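As structure tokens, here come the structures.
Both complexes shown next keep chain A, but they swap its partner, so chain B is in the first and chain C is in the second.
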Partner chain A sequence: MFDAFFFQQVINGLSQGLVYALMAIGFTLIFGVLNVVNFAHGELYMLGAFAGLLVIQAFAPPLFVVLLLVVAVGLVSGVLLERIAFRPLRRFADEASLKSKAIREATLLSSLAISIVVRELVSNLFGSNMQTIPQQYLLMTPITLGPLTFASGQFVIFGFALAMLLALQWFLFYTRSGLSVRAVASNLTGALHVGIDIQRTIVLTFMLGAALGAVSGFLVGLYTGNIFPAMGFGAGIKAFVAMVMGGLNSIPGAIVCALILGLSESIATEYIPQGWADLISYGLLLLTLLFFPNGIFGGRRERV
Partner chain B sequence: MNAFNKYSYLMLLLPLPALAYADSGYAWRVATTALIFILLAASANLLTGVSGLMSLGHGAIYGLGAYASALLSTQCGLGAWLALPLAGAAASLIGFLVTLPTLRLVSIYFAVATLGIGEIIYVTLLNWVDLTRGPMGITDIPTLGGGGQGAIFWETLAITLACLYLIHRVMHSYYGNALRALREDDQCIQALGLSPFRLKSQVLLVSYFFAGIAGALWAHTTGYIAPDSFKFDQSVLILAMVVVGGLGSLPGAIIGAILLIALPEVLRPIGDYRMFTVGLILFLTILFRPKGLWPEAAALKLVRGWWGLREGWK
Partner chain C sequence: MNNIWFQGGRAALLSLALAAGWAAAADKVVSIGYQAPLTGEYAQYGTLFRNSANQAVAEFNQSHRLPGVRVEVKFEDSKGDAKEGVNIARKFSDDRSIVGVIGDFSSTVSIAAGKVYAETHVPQLSQTASHPDFVKISPWQFRNITTMAYEGPYTANWVHDTGAKRAAIVAIQNDWGQSAAQEFAHGFTADGGQVVTTEFFNPGTRDFRAIITKIARQKPDVIYLAQFYEDGAAFLQQIRQLGVKAPLFGASSLDEQKLIQLAGPAAEGLRLPTSFDLNSQVPNVKHYVEQYRALYHTEPNQFAAQAYDATNILLDAIVKGGGAGATRQSVRDALAATKDFPGVTGITTFDPVTREPTKSQTRLVVQNGQFVPVASTKA
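Now for the complex of A and B:
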């Protein structure tokens, strides 16, 4: 039986999942390396969207140029975030203190505080309402294939997510900097002993994660047409859920779980009212934490 | 820190004459809100500061109390004074049952799980329109007693002081010390023959009870509640109060609550920078004064000094 409406819901769910996945990639990268939750990741996502919007409103360049500028904003804000919220609290460079409970909670609180400051600042500067995006930039051109309708943004986001995943895997496994990122993630003391510059690697990780967050915020903003200061919170929570389900340090795991999340939310709206569908992701988060403490795709890190 | 003695607590009562002198509806209103948040911060401090269970969903438990009290008094016709303790019990029980599954998690995993729980409660309050009237909120909630804003303030003050006394007795007892040991090392607590799970459950019940009372006070002093007052922002605000005041320190929680409620009111002319100020204060505290404004050690020293234990405490 081929039910076009149901199939359309599946497509929408998968593209929603890709949106979460884009965000989860950067989130997982930072968590996997440093073992700290970056609560300000949603604000990086929001900043990327606003930076893109400002550039469009000021110069209206081609989309490609806007993307490059958004990446630049992401890189810079990643460095700033690390410098302001994470480095001052990382007082000792040994592994035990980096992974201690106290430093995790302190950085959780500091990134939470920074995220509030940034969000409130932006919403006071630009107003908390949705921003209007020039029509020609919206990625909402409908593309009809038989009984199904796609938006052009779905293809862009899918292509971007795939490219990012492949590029990131290539970077992490085949380049020198990527290898040092993985070395720091797996054993900090060992990385120190073989002469890896820990500070530089951590900054690099933040830059990468932040740039990914910023670009995904911009693309999602163009796809959904919603750019507003509080947009980062919901997406950040969903990305976090995907990261936990995926096993915390596995980027492919986070992507698969983000797709599952988007799909289950989209299918759930078939059977339950829209407002209640938000419960699905929180329910999945609790179930995962309870029954798969290492994530569904088996992270090897000790967690509970 | 020798300057602190038992009269330092009394210094916290200094604003009262000024308040009575000003006698304006606005001043009473702000002071009542501050009292409610003092109670909330004290209850969150018991959970987050003393027992080390960082909660990012405390605002939702507060909402449970507010809704329980509002529903009991408008739907079941109970008086406000009867609805108050019942709402505390309801928030405590429901909150405990929802948090129960996450009790095996530690540190940031517990924090994130409670964030999820807070959102679950918020979404439920927002969408269960038959019971909670959804986004419209509940109106016409009876107030505590007769009289104007001033009378409401004095009643809230009495209830808050009574609750603070109870929280104080829990925190500064052998039981409180067991909770502090649990925060530092739960394996150590097991070695002493105490059950971490049991301690965590008990402290959840106690802390949620007082958060529920605070919610009920909010419902009965404003007369109107809506789900928007119990969002994630409120949980962050409560956590900020606890962290700014000093984790594990009751006077710290009181000072943090007063500071974070009063400061945005004082700074009102500069516009809508309320949460911005909260975030900035939270960040600066974590960076420059990580133990808080009135750290736990000083608070404990003060309290132990009252019982003549200062000699043995260096």
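Now for the complex of A and C:
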């Protein structure tokens, strides 16, 4: 029996999952290379959305141009974030300090501090309310196929996530810079000894991760119609859950788990009150950690 | 920028108040205590209350309704915290010049402070506390806001008049949302309607597509929204994107210009009741809105209007309670006798027994990007 409402729910779930996945990609990339959680990722996401909105309000260029500018803002904020929150705590290149837990925890806190400062700054500048987005930029145009309804944003987000995944895999496996990213991720000291410029590689990873975060925030903001200073937090938590479920360092794993999360939340809404749907995600996380302590797609030596 | 205007407005007001004080230096001073969240998470509400209270008192002192008496407001910042509210209540109770208190903002803080006022016998009038238990604390509590117990059935009745028989409810999962959903459902089923589904969502939810799809399956005649404007804007956009055509009714909490700004064309056709219409042509509302704009260079909203009315109701009770000789007891009795008070949020009467206010509400519909009043006889 074909139940249109159920299929609609599947579509809603997959698109929600893609929203989580977009954010999880950048998150996982940085974690995979440095083995540190970048708590400011949600703020990169929010900054991307605000940067895009400001560009739209000032010049109202075509969407493609806005995207390029958002990417540029993301790249720059990645460099700044690494400079301010990570590099000062990674002063020594010897093996002991690179593997030190203290450094890992210090960067965790410094990135958290940056995230709070950035969020509060933006709230003070723009107010903590939701921002008005010009109607013509919203990615919410309905597209109906028989009894099913899609939004234009769902296709944009799907296309973007797919392109990102393919481009990232190509970059990591077929380019020289990508190889050095994987080398640093796999064994930092080893990479140091064979003469890879670690500093440059780490900055590159941050730039990529931040640009991905910024563009996701902007696209998701246009798709859900919500741009506000605290927007990164909720999305960040779900991306974090997807990353942990996926094994902390596997980008395809994070994407698959993000899709599972979105799908299970939306299908669960059919049977239980929506307020309980969050419980499903955290329940899945718990089950994963109980039965696959390394995550569903984790456990291999090589990160990223 | 806003801040500069605000400071300017306040300075103007202060000098006005000072000038009045100068002219009548020998006047007897009667004080009103005002506790509200002036800093912290709810500071934007506290600011609206302070603006309106200052405006109402300045107008009162200029009017010379009580010759030889000058009323002043003493503000205390409760930070939206129940503990602070209790401390302020003790302070105000000890201040013998205070004959009545307005505030607090939330039901939680108002109730905590109210327990002190009940013991020390100070009349307390909250502009916004809508929890059913608030006025049940003691005979000293009053409020200038209708509860959902009034508004829910009022809207249900309106929905029923449109011929709708099956309604779906979408409500935020908190105390207010639950009471709003419940009261609407009561009213609607009492009128012979049927509630096909009630969906609660967690505060902070921004993607409603799963809920909308679930509701669409039930094919309701109307959908009732007990939400705030941030959630409401996202919901309206998404429901139109998913092609659900059922008419939408909302709680008065959605009466915010910002809702229309955010949701754009998706807000068209939304219907909701309100007790304050910014664009009303009624003379006292027009006067209030114009004065407020002139003083603070920003638009008042229904929260500001409720504080303006609360202050005026208390000032009125001070006059009726003996002016210069008013006592806490006489002010309380005058408050309890408030009948047909013509405020900017409608005509207010306190029930002599329950002390619950009744107010006239107006029906609004969103048309061409504006909240427009609907003739009350037809939907």
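General observations
The rule we apply is simple: the second predicted complex is superposed on the first by the 296 of 304 C-alpha atoms of A that agree within 3 Å, B and C clash if a C-alpha of one lies under 4 Å from a C-alpha of the other, contacts with A are read in each partner's own complex, and residues count from 1 in each chain.
Heads up, the rule we're going with is that a contact is a pair of C-beta atoms (placed from the backbone, for glycine too) under 8 Å apart; a residue touches a chain by one contact, two chains touch by 3 or more.
Note that the structure is predicted; figures quoted are calculated from it, not measured.
By the touch criterion defined above, A:Q16 lies against chain C but remains apart from chain B after alignment on the C-alpha atoms of chain A.
Once the two complexes are laid over each other on the shared chain, residue contacts for A:R104 go to chain B alone; chain C is not touched.
With both structures placed on the common chain, the touch criterion links A:L285 to chain B but leaves chain C unconnected. When the two complexes are overlaid on their common chain A, residue A:P142 makes contact with chain C while staying clear of chain B. Within the superposed three-chain model, A:P273 lies in touch with chain B and with chain C [touch as defined at top]. By the touch criterion defined above, A:R87 reaches neither chain B nor chain C.
Under the contact criterion defined above, the residues of chain A that touch both chain B in one complex and chain C in the other are 273, 275, 278. Considering their complex, residues 173, 199-202, 204-207, 209-211, 213-214, 216-217, 230, 233-234, 237-238, 240-243, 258, 261-265 of chain C touch chain A.
Within the complex formed with chain C, the chain A residues making contact are 5, 8-9, 12-13, 15-16, 19, 129-130, 132-133, 135, 138, 140-142, 144, 149, 151, 224-226, 228, 231, 234, 265-266, 269-270, 273-275, 277-278.
Contact residues of chain A toward chain B in the complex are 37, 85, 88-89, 101, 104-106, 108-110, 112-117, 119-121, 124, 233, 237, 240-241, 244, 273, 275-276, 278-279, 282-283, 285-286, 289-290, 303-304. Taken in their complex, chain B has these residues touching chain A: 54, 101-102, 104-109, 111-113, 115-117, 119-120, 123-124, 126-127, 232, 236, 239-240, 243, 271-276, 278-280, 282-283, 286-287, 290.
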